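What follows is a group of structures, each given as C-alpha cells.
In the two complexes below, chain A is the common chain; its partner is chain B in one and chain C in the other.
Moving on to the complex of A and B:
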C-alpha cells in the first residue's frame, strides 16, 4: 500500500516536472525543473529495479546535463545581459501544444504496444539464459559489451561526433567558470580548497569502484566515466583546470582511445572467432576490462570537454 | 523498541525537511532561506540516516550512511558559503565578503 503511494507520487511528480520544464515562463526555472526531473527519473529507475540506469541517469541526466545547461544559461546572461535571457525561441503556448501533442502520441503508441502479442523469446530472457557462457555476473555489462557490443561501439562513435560537432559550431566559451575570484585582486573563498582536496581522491575512488564493480554489480564504464567527468567539471569550475583553444596529442589520444581499443578488440575476435566483436575464447574477461577502462577514460574526457566548451585543458599554474 | 526509535528519528528528520522547505518558500531574503535550508539538509538528513542505520541493523550499512551524511554536510556547507558570499557581494557588501 505504502509502496503504491510512493510510486504514484513519483509518477505524478515526473509528469508535473516535465510539464513545468517545458512550459516555465523563465528559462532558469526550466533548467532547474529539468535537473529535478532527472533526479526523479533516477528514483523511478531505482524503483523499477534498474540500478545501472538509475546511476547513469543521476550522473549524466541530472548531474552533467544540469551543469551543462546551467553554464549555457550563464553564457546567455553574459551575452545578453541580466533580465534579457528570455529567448526560448518558441512561444510558451506553442511549447504547451507540442508537449501535449507528444504526450498524446506517446500514449497512443504505448497503447498499441500493449495490444501486441508478446514475442516468443524476448531478447532480455535470451541474454539472461546465456549469461553462463560469459565470464561476467552483471547482465547489463554482458548486454552492453557482449550481446549488443555493436550498439555500444556506435554510441562511442556518436559521443566523439557530438564533441567534434560541438567544437565546430561553438565559440570559445568563457562563461563557464572559473569563478570571478580568479580575477586578479580577488582571492578564492576559504572553503573551496578543502572541498577540492577532500573530493578529488574520493571521486577517483568511486569511479574506480564503479568500473571494477561493473562486471559483477551495477556500474560500468558509462557511470564511472560520468563520475570522472564530474571531477573535470569540479576542477574546471574552481579554476584548477583552465580551458585552452588547442588540445595536446595526449588529449586527442585519450578522446579516441576507447573507440580505438574497442574496435581493435572487436577486430581481434574477427581474426580468431570468425566474426566481429566476439572475444577470443578465454580472453573475454581481461579484454572486457581493458575495453571498459579505456571507454571510461574517453567518456570522462569527452563529457568534461563538452562541459568546458574548450578544445583542451591546462593546469592553473 | 529499536523500531519505535528508528521511526521516531525518521519522522523527526522528515519534520526538519518540511520546516526547511517551508522556510525556503516563505522566508524573505537569501540569508534566512539559506539558514532554513541548511538546517534541513544537515540535521534532517542526519536524523534520517540515523533512523535508517538503526533499521538496517548492520554496522557496515550504518558506516556507509554516515559517510553519505558527511558528504552531504560538506557539500551543503560549501555551497551555502558560496551562495551567501555571492549574495553579500551582489548587495554591495564587497568588503565583508572577502575571506
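Moving on to the complex of A and C:
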C-alpha cells in the first residue's frame, strides 16, 4: 500500500530543497538546505526499502558532508568577509536560456526513464538466489563483500587516493585546531565535557553494533565507519584530538589496513579456490568479519582526516 | 510498486536542477553542491529502479549506491580542499574573472 501523501511530500521536499541548495541568495542558506536535503534523501531510502542506504546517508550524506561543507564555508568566510561571498554571476538572459534548457532536459529524461523497460534478468535476482550459499543474511553486504567484492576493494583505493589528493593540495595547518575555547585564557563551555563523556561510549557502541549487525541486518562497515568518523569529528571539534602535520606509523597503518587486509583475504581465495577475492570454503564468515572490521577502521580514519584537513591526530594533553 | 514512477520523476527533476545550478552558478562551493545534487539524482534513480520488480529489492543497485555515497563524500572533501587552496592562493571563489579587477 502506498502512503501517497508521504511519498509526494518527500518528493516535493527534495525538489524544493535541491532548488534552494542550488539557487538560494545566501551561500550559508544553500549549505544548510543541502544538509536538510541529505536528511530527506535518507527518508527516501527508507521509503524505497533500502535501510542500509538510509543509515549510510544519514551518517555520511547529511552528517559528514554537512560538517565538511560548513567547515569549508567558514574557511572561505573567515578571510573573505561576509559581504563579499558572492562570485560574479552570469548574464540573466543566459541564465534564462539555461533554465529553459534544463526544463527540456527534465522532460526528455522523464520521458526516457519512465518508458525504459526493466532488465529481463537483473543481477540482483541472481545474487538473491545464491544468498543461501553465503554465510551472510544481508544481501547488500553479500553483494559488497562477495559478489561484487572487486568494487568494494577499488573503492578503498579511491578513498585513499582522495585523502592523498586532499593532503597534497591542503592549506597549511593553522594553529587553531580546536574551538577557540581551548586557547589559553578561555574556558570550554561547561556542558561540552559531560556531553563528550556521554557520547563517546555511545558512538563506539552504535558503530560496533552496526558492524556486527551488518551480516544479518541493515548495517555494515560503511555505516559503522561513518559513525566512527563522526566520533573523530566530534573529538576534533572539541579539542580532544589535535591535528598534526605528521602522521604516526600507527595512523598510516590504519589508513591502508582495509585495503591491505581485503587484498590479502582475496589472495587467500586465489590460493585455495583458484580465483581472486573468493573466500576459502568454511572460512567466509570469520574472514568477512575481519575484512569488515578493518574496512570500518580505515573508512573512519580516512573520513575523519579528510574533515580535519590534517595528516594525523594527536591526543590533547 | 506504484511509488516508483514518482521517484523516477523526482530523480529526473533533481538532475535537471543540478545541471541548471552547475551552469548558472559561478561560486565554486555552489557548483560542488550542484554536482552533489546530480549525484543524488542518479542514486535516487538506481534505488527507485531496484524496487520496480517488487520485493525484495534488488541488492546490486543498493550496494552500488552505498559505494557511491562513500565515494561522493570523499570526492566532495577533495573538491573542498582544492577550493580552499584555490581561494587561499588567488583570493577568488570562482573560476571567472571579476569585472571589478583582481579581488
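Definition applied: the second predicted complex is superposed on the first by the 278 of 317 C-alpha atoms of A that agree within 3 Å, B and C clash if a C-alpha of one lies under 4 Å from a C-alpha of the other, contacts with A are read in each partner's own complex, and residues count from 1 in each chain.
We take it that a residue touches a chain if its C-beta (ideal position, glycine included) is under 8 Å from a C-beta of that chain, and two chains touch if they have at least 3 such contacts.
Every value quoted in this text rests on a predicted model; they were computed, and no experiment measured them.
With chain A as the common reference, the superposed partners chain B and chain C fit together side by side. When both complexes are overlaid on chain A, the residue A:295 reaches neither chain B nor chain C. In the superposition on chain A, A:198 makes contact with chain B only, not with chain C. In the superposition on chain A, A:190 makes contact with chain B only, while chain C stays out of contact range. Within the superposed three-chain arrangement, the count of touched residues of chain A is higher for C, of the candidates chain B and chain C. In the overlay built on the shared chain, the residue A:114 is in contact with chain C alone; chain B does not reach it. In the superposed model, A:234 makes contact with neither chain B nor chain C. Superposition on the common chain places the nearest Cα atoms of chain B and chain C 24 Å from each other.
Put simply, chain A uses no single residue to touch chain B in one complex and chain C in the other. The touching residues of chain B, counted against chain A in their complex, run 71, 74-75, 77-78, 81-82, 85, 98-99.
Interface residues of chain A facing chain C in the complex, by the touch rule stated above, are 2, 4, 7-8, 11, 14-15, 18-19, 21-23, 27, 30-31, 34, 37, 41, 44-45, 47-50, 52-53, 56-57, 60-61, 64-65, 68-69, 71-73, 75-76, 79-80, 84-90, 95, 98-99, 102-103, 105-106, 109-110, 113-114, 118, 122-125, 127-128, 139-140, 142-144, 147-148, 151-152, 155, 158-159, 162-163, 165-166, 169-171, 222, 226, 299, 302-303, 306-307, 309.
By the touch criterion given at the top, residues 186-192, 195, 198-199, 202 of chain A touch chain B in their complex.
By the touch criterion stated above, chain C contacts chain A in their complex at residues 1-3, 5-21, 23-30, 32-34, 36-37, 40, 43-45, 47-53, 55-67, 69-78, 80-85, 87-88, 92-94, 96-99, 103.
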